[in-house]
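Each of the next two complexes has chain A plus one other chain: chain B in the first, chain C in the second.
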Partner chain A sequence: MRVLVCVKRVPAPGAKINITADGQAVDTAYLAFTTSPHEECAVEEAVRLIEAHGGESTALTLGPGDAEEQLRYAASIGVDKCVLLPIDSDGSTGGDWDPQRTSDAITTAIQGIEAADGAFDLILFGNESADSGNFQVGIRVAHGLSRPMVNGIKGIELGNGGVRARRESETGVEVYVLPLPAVLGVKEGINLPRYPTLKGRLASKKVALHVVCPSGVVGGQQMITLVQTAEKASTTVVLGHGPDAAPAVVDLLEELGLLK
Partner chain B sequence: MTKTESTKPDRARVVVIGAGIVGNCLVGHLARLGWTDMVLIDKGPLPNPGGSTGHASNFIFPTDHNKEMAYLTVESQDQYVARGFNNTCGGIEVAREPQRLEEFKRRMTSAKAWGIDARLVTPAEIKELVPFINDKILLGGYYTPSVSVVDSLATGTQMREEAIAGGALRVLANTEVLDLETVETAGGPQIKAVVTDKGRIEAEHVVIACGVWSPRIAAMAGANIPLTPAVHQMADVGPIDILQQSNAEVAYPIVRDMDTFCYERQSAGSMEVGSYAHRPILMRADDIPSIKESALTPTELPLTYDDFDPQMEQAIDLMEMLGDAEIRYAINGLLSLTPDANPVLGETPEVRNLWSAAAVWIKEGPGIAQLVAEWMTYGYPHMCDPHGSDISRFYPHEKTEWHINARCNEHFNKTYGIVHPREQWASQRGIRRSPFYAREEALGAVFFDARGWERPQWYESNAELMKKYPDSCKPRTHEWDARWWSPITNAEHLQMRASVGMVDLTAFNEFDFEGDGACAFLNYVCVNNVDVAVGRSVYTPLLAPNGGFRGDLTIQRLGQNHFRVITGAFDGGRDNYWFRKYMNEFNEQRAADEGDVTFTDRSQGICTLGVWGPNAAAAMSKIVTDHTTASYDLSQDGFPYGAVRDVLIAGVPCTMFRISYVGENGWEIYTRMEHGLTLWDSVAAAGKEFEIIPVGIGVYAVTGRIEKGYRLMAAELESEYNPVEAGLARPKVKSVDFVGKAAYLAARADADKNGPAATMCTLSMDSQRCADGYDRFPTGGNEPILTLSGERILDAKGRVSRVTTAGAGVSVGKFLLLAYLPPQHAVEGTKLQVMYMNELYPVTVERADATPLFDPTDARMKS
Partner chain C sequence: MTILVVVEHDRGSLAAATLEAMAAARRVAADLATDVSALTLGAAADAVASVLAEHGADTVHQVHHDLLADYGPEAWGEAVAQAVRALQPAAVVACGTDRGNEVMAQAAARLGAALVVNCNTIEVSAAGDATAQWTITRSRWGGSLLERCTLVAPVKLLTVTHHVFEASTSPGAGSVLPLPVELEAWLARTVVAERVERAAGVTLSTAPLVVGGGRGVGSAEGFASLEELAGVLGGVVGCSRAVTNNGWRNHTDQVGQTGTRIAPDLYMACGISGAIQHWVGAMASKQILAINTDPEANMVTKADYAVIGDLHAVVPAITNEIRRRRAQA
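== the complex of A and B ==
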């Protein structure tokens, strides 16, 4: 089977992210970049599906040329092919890449790849990106390709020419059966992604990078400015030192309902 | 507030900035030496505030060719052991290339000198110790059973908490230093206070022990700590079954893959792979992210994979199992690099009472902390001579980012390299050139770097002379012995002794002391009496307060209140600092009627040419006049040894100083830089009929010196040794007080009663023939002197007998070694051995005092 997984290069979490003085970009001086966590799970899921059922997996990203790093990461844990849609490759692709334009470009690129190499049975997205969190691109691409799509997926099983996708709701578990080809938005927790191995990392460097110049119709959403939100202040209360702290710890655990 | 945190005081005796391995151990050692009222500050949380200590690999390979670093490393390991935070696992340096096996022989020799148990191992033996290694690609190994992994955080925490428990220390974590305040004194700026985000603390002393941030903090006070933050890449890969099964933090020896500049160190169930092979990646202290901006800590930056990929392949070649291990933690870890790869310790020359304890690795942290604590307590360390780490060693051009980056870029990949003791820098050359440079270059000078100065080591123009002295100018068979060396040096040596030679000594420093307190001041700093007649000179050691050597130099009395110190290139910065430090104290403590003293560094304006040999006087008499055109009396009677005279040479004002470091009649001639070329050309022309030649530093510093038994600062003369032991004690000690006098008198009294614990001796090699059937030539890199049964020799003070200088005694026809020997061996005619490249050679004690082997009565110089 053929599985496509779409990923996005986002700033690595865990540190304060600075914004440039003009408010138009993230200050990358100290930043590391990563793949959105939901998409890390999508990549892992794609690799597992191919390991289980055979076939070929492809990772695709639209982003700066440096997003090659996220494609290599996908390759390092087992994705077979990489497609980069560089938005900074030439002047013609300047301007905002809102969800509409992004999904338009990805849809066009997928159509081109499928025309050449055959259709993807399954296209995986992360539930939402870790930086802008628009929750749109996966659905828009599915719509553009006229394929069924479910978001929030925490379980995927293939069989009987279709896919069973499971997602959690407040009241229980919802199970969807979709015909292939289909699109799924994967949520963190579906699996525990592996780390790349040394061999995987080295092999990823040899995976050919297929570059497609992105073309998408400019959408209706425009970035005006980035604003640094106020830091959430947290206070630490030291309950005590050594054995003397025990009663206070017990009180707290009771208050939290953890002791009954 | 955690257990170890305190409230901020308004003042303290000492504030230590940085709670890494150095700062923690420093407050511990200071407390043990009686210091109280201390404050330790870190901007991060405890116990891991986020500096380099927190991500260190924490292993210790004790062998080092450098005596100072070897001593401090072994001492530190002992301290980790004593505290129970040393986990001995053994370590193997493995060779993939043949030249590395040679280096291992050299390491065996250094291990012998420092008393470290080590042995050479075959690939099969390596495989036995490390069953998962690919022995097929290895040629051999150097195994040190005492290699260990230490817990630097626990050690530091314990030392810090001991100081707290003793009531000597308060700790402020999560406290950022915003500024250092200084106050102007007559002797320059002095530290006044540390301003933090929690308020201001006045302090008598401030110590900067904050690693990669040290330059930024020092700059707040106008001081300069010349280091750069640099990346050391490291990845933790696992899980790995065989390591997990060991059920230990580190069960297998650490492997240093020397020829790929990488290491593999077990860390419980995974393996840490570290690299010094990637391109040098230097940063600025100001560009390190804040704690908030850091995903991990400020010194654990994201790994730049492209730089690390080649090392991954090499690691898999060495240990195939690593290929399937997952990369779980991978960083561009920051550490501190300095231009010469040594630490930066001591009081900053710019700001009084502001100290640096920076660029220190885990392996030497506790020992260096003790060294700095002693320095602050006693005025100079007692443990060992710190000349290689002393912050005052740097000249101004060596403290620039330009220089730091160039040299760090050059030496980073030599971290696991094979570095020759005579190895020359490739970067930052031509920074300082004497006025003779153009002539020297035309003569084919091979230039060596002397702290920025380009100095001819030998001259290719003298190659023809080797035909005149064929027996003394044989090439050396082994490439290592011949590296950075030429037999031309021996030809230059003999030609100078036969006729006359000229030596560029412009790298000398000249310090002028003037004022009606100059004589009293210099007498306070120097051992020998400087109160000599105008126009005379004094050779004198400078002593540390403990009576050991701090310097040695000559002082000329140019006027009643005008003295000029002449000292060498390598110790000029340290001597400059030392004189100024004591001059400040002298000026502050003197009575009003004792007179003042001023200091002027004249080094930049003066060039120096040495002219020596039996025909030196005849040649110079052709061009030297007094201030008329009258000829000048250069005879021994007219211009006696040690005299200093202003003359004209070819009409150019010069100062001639009758002295010699090579044992020949002649002079050091000084003139202003702009007259230098005239001086050179005049001397060359006057000497032509005597076949005068330019002579390189190879003769001046090694061959000419060693057969005269002249001692060199930082080689024979170190603070562990006193003038009695060095053979430089004069019959009487002057009555006035001087730095180190009490200790020196005690050492003399002890020597009178019991004999010196060791004596500087000249030894000759009876045979240089190695097992492969050709002659070897020790480089003078701490090769151990051994008994005939192969035992290393320690004196009553625990100091090891080792070669401090080695070189050809060209005129005496022997290869000579200088070494301190304890009394039972310091007897002329005693037979001993020297180890070189892990082979033993027979040696004989030729001199057990300072009497030269060549011209023992100094007749050539003085009569």
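== the complex of A and C ==
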């Protein structure tokens, strides 16, 4: 079978997210980059599906040329092929594309790949991107390809020409049974992603990188600026040091009515 | 040019989040000097019409179709898209829950229209439909950062961030109108096929007390003392992503951007540094007590209370002190 997984390069902030002076981006001067945990799990799931059923997995990203790093990471844990849609090759900043433009470009790229190499049985997305969180790129791509799509998936089983997908709801678990080819949005918790081995990292350098020039129509949501959230000023009350602080903690529990 | 609210329900039981979307819609409707209507999908939701009227719906459009007896993102999204074509609202609002965002994205894809999710503020400058400018503040990074953006589209599709707009009553006329849709049979491919209902009980998101453990706990076994403390207080154990990544606990216990949002009376965060992605999941807690060896840790400086020290000594001492006092009482 053929599985495609779409990942996005995002900064990995620590205690606080700082914004550049012009308000247009997260200040990444001192930050590493990563893929969202949801998408890391989607990559792991793609690799496991191919391990179990045979075939080929591909990772795709639309982003700055540096997003090759996230594709190499996917390759290092076992993805077979990489597709990069560079948005800064025309000398632009590589800033975020809006969700309509992103899905338009990804849909077109997938159609091109499928025309050359055959259809993907399953396309995996993250539930939402970590940074912009638009909750829609996967759904728009699925609609563009006329394929069924369910988001928020925490369990995937293949069989009988279809896929059983589980997701959590307020009251329990919902099961969906989709015909293939299908599209799913994956949530962290579906699996525990492996760490790349040294061998995997070396092998990933040899995986061919297919570069496709992205094109997408600009959509109706346009960013003006990023804004820091208001931080409530906190004055921490230190109740004590080490085990000697226990009586003060229990006094607090009593005060909060938690010691019933 | 009404403001249309897409009503979220599960086989007839109304999602409270919808009333937040009603409140947001009323505000936008006031700016545009128009009314609010609601859209219910499936006959099971007919009964919620009176609640929608109490919360400001002048009209409740009811869609009946066999394919809408249970939830299905494609069938729901297609029904919303057809309702938008029929009713031509100025804007469509839902609450930014899992289902709310999913249905609206399905509808947006079908309408070829923009969708702005998780909005915190919606400003419409100068009514007069054609020239009105829509400026929105929305949540990014799970709420750690905001974005101001414009929305240019013939119909404005929006979801509002859960827990930002407060539900309130404001009587509307509540006239009920049937709205016909045509749904093709193949849309059944994404309708819920089976369910497993969970036993009711205290969960991480509803617990009044959460004892959280991070990398500082050191191992899966290290959580025994946190379990014990949570046990004597009737609380539950949560954890950071460092813990789930190490396989020490299941992801169902993870607090944060890609885990569970908690809102207990007290969150005791033990050996957790307080990375922004963890913090957004914990910040709705009424009080936070951090237990950490590092007095400069973000969790400590942001918390209401802190104990500086080794959690392996502090946590059992708290449990013992609780037992000692109870034995005396």
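Simple rule for what comes next: the second predicted complex is superposed on the first by the 222 of 260 C-alpha atoms of A that agree within 3 Å, B and C clash if a C-alpha of one lies under 4 Å from a C-alpha of the other, contacts with A are read in each partner's own complex, and residues count from 1 in each chain.
Everything below uses one rule, namely that a residue touches a chain if its C-beta (ideal position, glycine included) is under 8 Å from a C-beta of that chain, and two chains touch if they have at least 3 such contacts.
Because the structure is predicted, anything quoted here is derived from the model rather than measured.
Of the two partner chains, chain C is the only one touched by A:A245; chain B is not.
By the touch criterion stated above, A:P13 is placed in contact with chain B and with chain C alike. Judged by the touch definition given at the top, the superposed model places A:R140 against chain C, while chain B stays out of reach. By the document's definition of touching, of the two partners only chain C reaches A:L258; chain B does not.
Once chain A of one complex is fitted onto chain A of the other, the partner contacts of A:P196 are limited to chain B, with no touch recorded for chain C.
Looking at the shared chain after the overlay, A:P179 reaches chain C, while chain B stays out of its contact range.
More residues of chain A lie in contact with C than with the other chain of the pair chain B and chain C. By the touch criterion stated above, A:Y30 is placed in contact with chain B alone, chain C being left untouched.
Residues 13-16, 238, 241 of chain A are contacted both by chain B in one complex and by chain C in the other. Chain contact summary for the complex, chain A toward chain C: residues 13-17, 19, 26, 36-38, 98-100, 103, 128, 130-136, 139-140, 142-144, 148-152, 164, 169-179, 187-189, 192, 219-229, 234, 236-250, 252-253, 256-260.
Listing the residues of chain C that touch chain A in their complex gives 10, 15, 71, 73-74, 96, 98, 101-102, 105-106, 108-110, 113-118, 135, 137, 139-153, 189-198, 208-209, 233-235, 241, 244-245, 247, 250-252, 254, 257-259, 265-266, 273-277, 287, 289-290, 295, 298, 300-310, 313-314, 316-318, 320-322, 325. Chain A meets chain B in the complex at residues 12-16, 18, 29-30, 32, 69, 72, 194-199, 201-202, 205, 238, 241.
Residues 1-3, 237, 287, 289-290, 292-296, 301-302, 305, 309, 312-313, 315-316, 322-328 of chain B touch chain A in their complex.
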